[in-house]
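Think of it as A, B, C, D and E in the order they're written, each chain with its own count starting at 1.
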Amino acid sequence: MQGIELDNITQTFRGAAMRSTGSEFKAVDNVSFSLDADPPQIVSLVGQSGSGKSTIARIILGLQKPTSGSVTYNGKDIYKLSSKEYDIYRREVQPVFQDPYGIFNPFYRVDRVFWTAINKFKLASSKQKGLALIEEALQAVDLRPEDVLKRYPHQLSGGQRQRVMLARVHLLQPKFIIADEPVSMLDAAVRVLFLNILLDFKQKYGMTTLFITHDLSTAYYVGGEIMVISRGQIVERGSVDTVLVQPSHPYTQMLLASVPVPDPDARWHEKTESPLKQEEEKAVIPQIPDLEVPGSI
Amino acid sequence: MAKNALKTVEKKTAVGSPLLDIEDLKVYYNTISGVAQAVDGVNLQIKRGEILGIAGESGCGKSTLTTALLRLTKPPAYVAAGRILFYPLNQQPINLLEVDGPDLRAFRWRNLAYLPQGSMSALNPVLRVKDQFSDVMLEHSEMSKRDALAMVPDLLKQVGLEAYVANMYPHELSGGMKQRVTLAMAIALEPDLLVADEPTTALDVHVQRVIIQMLAGLRDKMGMTVIIVTHDMAVHAELADRVAVMYAGGVVEVGDVRQIFKAPKHPYTRGLIGSIPRIGGERIRLGGIGGNTPSPRNWPTGCRFHPRCPQAMPICSQETPAFLPVANEAGSKVELQPLVACHLYSHPEAEGTSR
Amino acid sequence: MRRFIQAIRGFWSASHKVQIGIVILAFFILVALFHPLINSAIGHGSDPLAVSASEAWELPNAQHLLGTDRYGRDILAMTVTATVASLEVGTIAGLLSTIIGVVVAFVAGYKGGKLDSFLSGFTDIILVVPSFPLLITLSAYTTKVSLFFIALMLAIFSWPFAARTIRSQVLSLRNRPYVELAKVTKLNDFEIIFMELLPNLLPFIGVGFASAALGSIFALVGLEVIGLGPSGTLDLGLMLNWAQSWGALTLGCWPLFVAPVVVLTLLFLAVNLINIGLEEVYNPRLRKMAGA
Amino acid sequence: GGGQSQNQKAQSIVPTPREQTLVVDQTDFTVFDSFNPFIPNGWQTNAGFDQVSQEYLFYYNLVTGETKPWLGKEWKYNANYTSLTLTLNPKAHWNDGQPLTSKDVKFSIDMLKSNAALAGGADFQRFVKDVTTPDAQTVVINLNEPDPRFHYFFICGIVSARLRIMPEHIWSKKDPMSFQNNPPVMSGPYKLDRTIPAQFMYVWKKDPNYWNKDELDPKPEYVVYRSSPKSQDAEVGQFKQAQFDITTNIDYKQASAIKNTGYANISIITKFVDPCPRAFAINCDPSKGLLADPRMHWAISYLVDRKQDGEKIWPVPTPVAQFPWANYQGNDKWSNQELASKYQLTYDPKKAAALLDEMGATLGSNGKRSYQGKPLHYEVSTSSKVGDPEYIFAQNLADELNKVGIDATVRYYEGATWQDRFNQGNFDITGYYICGNVFDPGQLYTYFETAKTKPIGQDATAGGNLTRAQYKDLDELARKLDGSDPSDPKNKGLYDQALEAFYKNLPYIPICQTVYPSIVNTSYWSGWPLDDNLNQVPLNWWGQFLFVIGNLKPAAKS
Amino acid sequence: MITSKPDRLGLSGRQVLSAYRSWRTAHPLIAYAIRRFIAYLFTLWAAFTVTFFFFRLIPGNPIAGYIQSLQAKQVYNAQASVDMVKYYNRIFGLDGNLFQQYTHYMYQVFIQHDLGPSLLSFPTPSQVLIMRALPWTIGLLGLATIIAWVLGIIFGALLGWKRDKKVADWVTNITIGLSHIPYYFVALILVFFLAYQMNLFPSTAAYDPGIDPAISWDFIESVVEHGLLPAFSIVVIGMCGWMLSTRMLLVTILGEDYLTFAEAKGLKPRQILMRYALRNCYLPQITGLGITLGTIFNGNVLVEQLFVYPGIGNLFVTAVQQLDYNTIQGIVALAIFGVLTANLIIDLLLPALDPRVKYA
């Protein structure tokens, strides 16, 4: 099969605090899904904080080896790829991370992310050609090269930085983008610009995106498929239009009911009674053990 | 209790009278690379009993403004100019920027309560919840410690928490519970004004909903005035009576929540509203606002929005637009007229074209 | 390269404290570089450190600005020579301990897992072993007394500090998004450590080096003050030891005691000023209070 | 006394009445509960034990050359020197009242003989065949081989004597390897009162039943030995307060300064020199090439600036050394001025250069000498710390060697390491001290017997020929002297020949006498053996200090 | 790790494991304490082992040192020394190969609780010498450390609280300057001026020799008088360190949200300082104090040497000079034991002191 396939992925952690009690904690629990390159699509993965979204992203990117289960790329386990196949995998599966601040090494200028990509993946044979590629990529994400090149990351705004990451993706032209909360730190106004570019990428370059978010409205905005994850398990999946319009799982319903609607005429308290009772809240908040116990040893 | 009840009644009757008058407030930061004019000439009026939402993109000065309201401005920030007039019940207005020491302390919490941004960490980690309650209650009243402690379960119940929470330490509480504990603490003395800075940002959607509904309920019950700061427009839509939109250190538009969402005046507000995706309905491509946030160390001349404004005119880069009332199609009443700082409205001829 | 020049310039302009510290250090480095010249100037061409070059125990005078010692050697010349030796020991020890510390820290912090447990466990054990007593023992029984060996000896006990602080930094940097980005851009471990992590740790490493160097100088001086110094090289500690055991102060020959104390104090001050200055600049909390 | 008036407030540093106490200042004490001198660091010679508690059969006064009978009355050899008869003083008794008899002497020797792990045991194993006690005062020691010098074992010469007599009635019941001998039952005029570890102090109290009160009735009621403070400055301060009576830990310069500032109650004893003149020892092993050549020794000797070393470097102006022994009156009988002027030890780099040229150590164009094509390089080692006078001696020699074109370096080795290298012959030239001659030079010359040498890399301590000297003339004479009685005037000629042979080969190069001045505070006690009346060894850690104490009188209060 | 290979464990093994795990979950604190204690024992053992081999690898050995001293006293004979060396090697546990020596030493220390005979004062056991010196060191350093800590917290809090004042800035800078100066520097200078020159204080020993050690007022007074000067140097420098760390902690805490919140609540400054700011910086400081107290078993070699104070540091130097391995090793072992035990105690006490620390 063509594409990325997750098969019964489980990831357990033993936190520092938990080491004493020995209890383990399943961040990802038996998750299976696949991302197809053809036709290009955007698959959203939504869920509350701590539900295991980032862990899944890291597993797909090969940054974290799952406790059990396998990730296959074009039918092959990504941990068993030959070095050539692995190169291809690296080239074709690229991330966009959440934090536009941490993604740049503060020691270097911003363009270094382009140049390392160009050098490592041998995208250009000369400096000029490389520069041309970079400029093209920057234009594709609506950035002026002179605003970005030769600058240090702290000299750029969050939105600019996130767009530089998109430009990098454009430069690499991967088949798959793993975007882990790429817009959660952006303003509403900038967020839309970003999402639009992502949509363009699908359209123009046929990139398939795993779009991870906790914001149901952005998931709705990008369209396509959606998976709802709760406490490491995928509880509901389907097309955005069905899942978000007629949710079937209570968790999805609860999530949806809690989303504030940007319309003063459709307020909650003008709707019926509060959907949330004390017990419910307790049941729903995953009791995530503190990983960093202050003052712990 | 009785006294508080009386106060509530008084407050409810005073609804609509002015509570806070912010005049040309300027709060600057001293930084290595120059002075950051984070809040630069804000004018705002808050009336008793209303919920005012303050919106605006990150870094536009929302938190700086609220901390200044509470006189919590700390170096390297300083108040460069302006007045904050506070109107106590049945008393002469007082410029908050001029009181100090014990006088200021008397104002705090009795009159002005605060839910800080990231109020998850607003609780002292080594004191039990009830002790943090009693601290503030003993400070501002003559009651005994026992009486103060006796009130705690009641207050907790008001924010939907069980009494046993009083005996817990902050780290034993979830984020939402902590947020509600601070809220309970804030309403303990039934203050005139509650300033909540991003009270829900770090919380999951359903907890966010609980908090927001609670704020609305409290206002209804106690006649409290609430200022809620958040960049999440949907929250404003849910909660606020009026919304002030900030951009680059200044308020660019203030108006009734419906007017802001239905008929935004300022191009920035329009952009903002136009960028909010909604669930359901037809999927249309939203516009967003291009360009970059300007630096507070170096604001653009004239209207600060002009470099990003789709309707920018030559005058925009030269003259700072005044903050003026604009007639609203919906409302004819003067107090419902939105205030906007935009050359589109200050020049009659331009006004025509924009409509 | 430009980044480095910029960094150095930033370093310089960071604060007055840093500037004063750098000036003092630079002075000593210059003295170290030119000490043969300085000494021959002091001795008016001949060796001022030769035994009986002058009368013993002269008080400061025009000929001998700081007087002479028990064997008629010029104390100013002694101070210059001793400073050079001390700086040399400090530099070598600082370098060694920084290198060991950095290697251990990176291997442990970046690789993690069993290797990390082992290395950091080992580091912790070395940390609880009281170093000064061991130094005393080592220096009493050691037979190789070259400057390098002494430095190595001092480094053996100071690297764990560097290793521990740097390791915790590596741990915090290891999972930075830019490291993960580097990984998916096919950078290998070596490149990640040297290109991505190391540059960001340079201030730490620099400060660590300075503290290790200073610590080593002082440890050696400490050993020598109580007469257990391992070296036969004239350094500041040896001067102090002589001042003590010869009773220089009661003989009125205060410079033998005061000169090394002043030099050590200045060295110490310089490094600390730089440390503090940098911390004020780089630690936002401190900056807040400094109102800068 | 002037001391007291200097500072009224100063508290006494001793726990006993100051005016009845002799306070002796010493270096570090570490042992406070063990007085067994045969086990590791079980006692400290300098804590009073050896001086006021333990006594020897005979005491040799190096200053005058006299031997004083004490516990012993006399010694006598048989004709072929295979048996030594000692007679004891019948008055002698231990401080617990038990008589001190020949049984105790026999017991002590037998104990050592049968226990090689006891310090000194090996010596008796080697020399003594058996011991008999015909009566309570007579000890007959039969030797394994003729030895006209065996009685030296019973004379306190330098610091102490080789044999320490222990009371049989106490020791016979104990395991000598672990017995602490606390409090020590000895025969001396003082008994241990207590030790105060926290003060680093030993307090000895006069024994009213001392056996020899007729001859020695010391005036101080108490003798306190204490550790000196580590700092000169502190020491000087205490001295000026008359907190203690005698020390060698104050620098001569400091003492002179005290004197010059008008402190009246100070006396500085500089006339008594150390028994061991400083010297350089040369590795004379034939494999060392030029170093084995006596001419080389002379060349080196010409490079030693003894005047500078003695007068400038040594803290106290000190006479240079010409003979391989200390310049005591008692040693005069061994000296020979004629030989001394013939083989005068002088500083003369030109002569040194000439000798080097003569030997074929030619000066190359680079200013360096080489021998048979190989550049010469020597290390001058020393066990003295950098900055100590002996280190400077070594440094000066290295400088001079460099000046005549021989590449030389100075190197400090820590004591045990230095000793080890020396024992094994791993050295070129080393700073040393000529300590062989206590009673007669014969003792010294035995160290140059060829038979006692060992190849480099093997420990040569047993025989003592550490310089690996193998010179026929010296060897022959040394062996001859071994079997001859030093007290026999007939042998004087032999001694002169041996001295000449020593000069010819010069395996040790004498530098200078060494003086460790004793600084005396006369505020409380007078009668010290001062420079103008030096009649006894003034050093407070020698057994002979007993007699110094015996002579003290309370100072007349002014 | 365990769950990933369940098949490797037999059924009974798995049962035991899960029983253990459920017990662990039920008694997290006890489980933690046990685990911590095991870790403590392990580190203790490891540190002892490291130092043991460290000392054995250093050239030179105590017997050689003894023989050398005999040689210097001329009571030595190379042939006979073989017996002597053999005998003492056995007594000092130096016979056999390194591993046998090691097991012998460990057996002696951990099972027989004996550090072996001292060479300094043979055959007195080393622990007797150490125990003789220990009270002085603990008295001097312990008291000095506690005084420095208390003063440091008080002044540090003041510095942090008044951090906007120019004076505080200056004091801070001076404190920074002082805090890193080695003790012995101050000690050297103090002793010179106050003891030698001005004669205000005694410069040596731990008490007046005229007084017998007993629980008497005179004795205590004398001990205090003698301890003042050495203690002073430790207090001054130590205090500066505590001041700085307290100030640093306080400044950090003052930036915390809960302090801003406390201020917004209109609490009195004093209350904010005591209840909100200082409360939160006690803990690290108590931890620090505990660890510092653990290190006093090292003795303070330099200060004790300078003041001829009969403590551990002095003993240590003497032991080194005399190559008394058992005593050296004993002191080092004691120091390690002190530090580790202090750490252990703090770790076990911490949950009681800090509500945030939980092991469940």
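Just so it is clear, contacts are C-beta pairs under 8 Å (C-beta built on N, C-alpha and C of every residue); 3 or more make two chains touch, one makes a residue touch a chain.
Listed by chain with UniProt protein names: A, B = ABC transporter ATP-binding protein; C, E = ABC transporter permease.
Please read these numbers as outputs of a predicted model, since none were measured by experiment.
The set of chains in contact with chain B as well as chain C comprises A, E.
Chains touching both chain C and chain D: E. Chain centres here are means of the Cα atoms, and by that rule the chain farthest away from chain E is B. Placing every chain at the mean of its C-alpha atoms, the farthest one from chain A is found to be D. By number of C-beta pairs in contact, B-E leads when A-C and B-E are compared. Put simply, the C-alpha centre of chain A and that of chain D have 87 angstrom between them. A straight line joining the Cα centres of chain A and chain E is 51 Å long.
Rounded to whole angstrom, the centroid-to-centroid distance between chain C and chain E, based on C-alpha atoms, equals 25 Å.
The centroid of the Cα atoms in chain B and the matching centroid in chain D are 93 Å apart. Residue positions of chain E with contacts to 2 or more other chains are 59-60, 164, 192, 196, 283, 305-306, 321, 323, 354, 356, 358. Shown for chain A are the residues in touch with two or more other chains, namely 294.
Counting partner chains per residue, chain B has residues 74-75, 125, 171 touching two or more of them.
Residues 3, 176-178, 180-187, 196, 199-200 of chain C are the ones that touch chain A when the two sit in their complex. Contact residues on chain D toward chain C in their complex (touch as defined above): 230-233, 235-236, 250-251, 253-254, 257, 308, 312-313, 315, 385-387, 392, 395-396, 399, 410-414, 417. Of all the residues in chain A, the ones that touch chain C in their complex are 58, 61-63, 87, 90, 93-95, 97-99, 102-108, 113, 116-117, 120-121.
Taken in their complex, chain B has these residues touching chain A: 57-58, 125, 160, 171, 174, 176, 204-210, 212-213, 216, 231-235, 237-240, 257-258, 261-262, 271-273, 275-280, 283, 285-290, 292-293.
On the chain D side of its complex with chain E, the touching residues are 7, 9-15, 28, 30-34, 39-42, 45, 116-117, 119-123, 125-126, 159, 162, 177-178, 180, 196-201, 227, 229-231, 233-234, 236-237, 415-417, 419-420, 435, 459-462.
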